[in-house]
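For reference, the structure is listed below as structure tokens.
All chains are identified by letter, namely A, B, C and D, in their written order; residue positions are counted from 1 within each chain.
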Amino acid sequence: MKLNSMPNFNIKGGIIPPMITPMLDDDTLDLEGLARLINHVIDGGVHGVFILGTTGESTNLSNKLKHELTQKTCEIVAGRVPVLVGITDTSTVESVKLAQTASDTGAAACVAAPPYYYALSQPELIEYYTDLNQRLPLPLFLYNMPVHTKTVIEPKTVAELSKLEGIIGIKDSSANAVYFNKLIHTMKDKSEFTLWVGPEEIMAEAVMMGAAGGVNGGANIFPKLYVSLYEAAQSGDLEKVRELHNQVMLISDSLYTIGKYGSSYLKGVKAALSVLGICNDFMASPLHRFEKSERDQVVKAVENIKSVLA
Amino acid sequence: MKLNSMPNFNIKGGIIPPMITPMLDDDTLDLEGLARLINHVIDGGVHGVFILGTTGESTNLSNKLKHELTQKTCEIVAGRVPVLVGITDTSTVESVKLAQTASDTGAAACVAAPPYYYALSQPELIEYYTDLNQRLPLPLFLYNMPVHTKTVIEPKTVAELSKLEGIIGIKDSSANAVYFNKLIHTMKDKSEFTLWVGPEEIMAEAVMMGAAGGVNGGANIFPKLYVSLYEAAQSGDLEKVRELHNQVMLISDSLYTIGKYGSSYLKGVKAALSVLGICNDFMASPLHRFEKSERDQVVKAVENIKSVLA
Amino acid sequence: MKLNSMPNFNIKGGIIPPMITPMLDDDTLDLEGLARLINHVIDGGVHGVFILGTTGESTNLSNKLKHELTQKTCEIVAGRVPVLVGITDTSTVESVKLAQTASDTGAAACVAAPPYYYALSQPELIEYYTDLNQRLPLPLFLYNMPVHTKTVIEPKTVAELSKLEGIIGIKDSSANAVYFNKLIHTMKDKSEFTLWVGPEEIMAEAVMMGAAGGVNGGANIFPKLYVSLYEAAQSGDLEKVRELHNQVMLISDSLYTIGKYGSSYLKGVKAALSVLGICNDFMASPLHRFEKSERDQVVKAVENIKSVLA
Amino acid sequence: MKLNSMPNFNIKGGIIPPMITPMLDDDTLDLEGLARLINHVIDGGVHGVFILGTTGESTNLSNKLKHELTQKTCEIVAGRVPVLVGITDTSTVESVKLAQTASDTGAAACVAAPPYYYALSQPELIEYYTDLNQRLPLPLFLYNMPVHTKTVIEPKTVAELSKLEGIIGIKDSSANAVYFNKLIHTMKDKSEFTLWVGPEEIMAEAVMMGAAGGVNGGANIFPKLYVSLYEAAQSGDLEKVRELHNQVMLISDSLYTIGKYGSSYLKGVKAALSVLGICNDFMASPLHRFEKSERDQVVKAVENIKSVLA
């Protein structure tokens, strides 16, 4: 049951980077890198941080590491911005345990995609989230991620779940803009339920149409750009939006397309942060860091992006 | 080979309704309805018409009917706006035959989605479109429709194909806004290659980000609304965009959600046109028109939309 | 409505090759090749022939060619074995027209996969096949081909449709043996409704478990082998089954794995027939015949298979 | 690295039930039920037991529970048959930890499906399994389960991995019999690499074609039937195979089709064991045990099956 002491999650909108997880090896955090990364994004003006999402390699980390990352992140953030903790797991017991650590260490909210082994139907999603929400000590954001979970949290299901105290918003990483506009339309009379968009390539237009903000991987690297783009979109400055959006597309096009097999984005973000001296680019199995030739491309891409942003 | 007399397709942007196909029975056109529909959308200010797309039930029509529809449409339009003809077919021979009729009767361009029985790979798509384009007497728009064709025409493939004389643009009905922004970014130095967006729920934002315009089903019914929304998006009037976009979302939400099994949109458009007295709502097998109770919902939805639009 | 003169389709079981379509160019049959192929398979002992299936490139052929192939095949077969005609089309009108030609020229039955642009739900499949069946002058086999049609004809749907006079069996090309065993179990009290299996790699086991026979592409090339394997499976001679099945697997492994992008099987069958001097290996767009280096591999594979079969 | 003391996994074939996990609540084992279940299947003649597979609800259990189940199962089995432990996890660190417990408590081998959040490509699968295998103290079975993992372990990938010491076989739950026959053909010269089939509906035919045996859920409930069917298939007694296979199909048809949303099989197995008084039918979140009306159907189905088996 939710505690009366539930922290208010009162971000109305903005940029919340889905933080990568700096690591030294398969089961050891890069704590210095973590501190540098957190300070880097907060200095860049982000409105919160989200750990243990897809970009955070959550599903590939040990349970021990997830709890440790949660605790350390909250310590380092020290209340400067709200911390959201991804508790997505195929085991509800593990999700609840992690949420407890999140609550104990001062996180603001949890984020959970559907369990991702079996594909759940819409009635099963309602049962699942209702049950999970009751067992959490923190507010909960839904997380729509169909490519990995094999199910879409349909707008009607979102509307149904939004009636439950404690379920306060949704992050959508589907890239399906029809879906997102249907979400906006369905939830238009419930403005306190916030809608967040994952892919940075569509953040600007989603914010212009009504999204609360972006949970964009590139904000790990260049947080100021994403905050500026959010602000331009929020204020309807279309000229500024187009200019900054082009820079985001340059990042997407040059940094997330190196390598192959669908992990290019993830490796690109982590490699860029390593190139910038922020943290280690070790990746948890089954993924691997870029090889030398790929990293060389990252170096060039980062230099080019920096010159464009300057 | 392309003729020197190839008509210039010189629409720079706007709204091109994917016209429904008015029918009296499985193999007979509703010619009076066709004329009323064409005049209705042209009076509404549309910038062209597109026949024999998904909304036109193209794949469910006999070859005879497709040729007849092409000829009759061109006659009725009589040069007032450009006519685009969908030639999507699993048989290239049939596509070419239909394109010949389109050319002979004065159509401006063809539109072709990938063959939809086998899913083609990217190299196969390049081969296919290169071969098809060579055999067409008219300019060609690509048509990305992955839910039906089981393949995406990737941005790099589009860029490759755009180098061929005669391939002049793409209509994207994927609803994937990341894909569309990548298209815009990839093609940004080739402004004469136009990018069109299918789903009306995302037309406004796509135009604000760089789309040429919308090929939106709802423009069959309420052409003025879509033209106005296009113009607002084109001029960056965000307030107006939000107001008109809400009306489009109301149409989407109330008119395309009746019935079941994924044909709700198609049946909704055709039923609304029937309710408005424009044309017959007969649908080609394997689809069927709405039953009485469903049509009653359409009547109510149309009345409500009209009162909101007034 | 079915005519009283409906030919009895009285094959109880056996091997029915899904015939390739010999062509000289995109819209011209290789009539000499067609005659040689038909005589080749009938001499090999097959129990019928099936034209205009997936292996027959049906969806890539013009309507004119389909009607012509139907007529010519029936003429050449001249009643020696029953002729089945694939009428799969997204346009019901075209399916019915082709069935009429099939009936007029003496074919025994039609075969239809679901329309393959929209994916139909189970109730829509029942509506579709009920409607189609009523309009056919010949008995109808269902054709389950989910990879191309995006829908499975569920066993319960098959059972429902089997109650209609005129729907007399199903060909399953799903490769899903659980599905096939469920079909067998569901239809176990209706032995006149015959169940046919597509992929030759599972023909033997399917026949041992209760299938009527195989509609196997390799039977175009080596009809005797498939007939012998069918007979061994039918009689429960497991030792013989394993020996002949190994030869079929050798064909599958060496002849259907050349080239890339999923058309290897189709190109392999056609190229092997060309190598054997039976017919042309031209393929209808968007497919292409093998290049020289690939054809060289086919030559070697055919030689090896012949030495093993000898 | 593998220890010299690696236990020999020397089952050549047979029936290995994928054991359900008896539970009292979300994080507590039903230890009495576990003991009864283990004794029940061993008494039924099974050749091993496999815990923590899909049927064991592995992905929905806490890590604590997985380790405890491994330890308790090995204790109760006490060497009577080999114990296989599913270590499938999206975190390699957790997989290795569980394998260590398995090794410490006397299990014979591990079984791992691909990580199931990201879909891995074939080269990534080779990297993943190579890395995992090196870190395991026990032999490893691959586990092909594409519906949940979104990737197929292709026969060529299996062949490549089979060259590694320690990777000793594969369990295939794809239901794709073409795939399975290709596996058999590809691995035909490596008989010590064993091929196991998951779905019980195809166990008999797979064994006749060359599978080592079945990992069949129904063997939790009626182990003797599955052992008898395996033996009949192994010895090529086709008449007996058909008789016993019909009984398996009756189980599949009447016990795994109650309820909805794809978990019918899992709930059916667990409910039947509860009806038989063997263990609790509690299911880990996000799944739930059957409701009263569904359980009533299970009671009837079990009675009917028992009368048929008698």
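FYI, a contact is a pair of C-beta atoms (placed from the backbone, for glycine too) under 8 Å apart; a residue touches a chain by one contact, two chains touch by 3 or more.
Note that the coordinates shown come from a computational prediction; the quantities given were computed from them, not determined experimentally.
Between chain A and chain C, the least number of touching-chain steps is 2.
Spacing of chain B relative to chain D, judged by their CA centroids, is 50 angstrom. Separating the centre of chain C from that of chain D, both taken as means of CA atoms, is a distance of 36 Å. Taken together, the touching pairs link the chains into one ring where each has two partners. A complete list of chain pairs in contact reads A-B, A-D, B-C, C-D. By the touch criterion given at the top, residues 26-27, 54, 59-63, 65, 90-94, 97, 115-121, 123-124, 127-128, 131-132, 148, 150, 260-263, 284-288 of chain A touch chain D in their complex. Partner chain A is touched in their complex by these residues of chain B: 175-182, 184-186, 199, 201-202, 204-206, 208-210, 236, 238-239, 241-242, 245-246, 249-250, 252-253.
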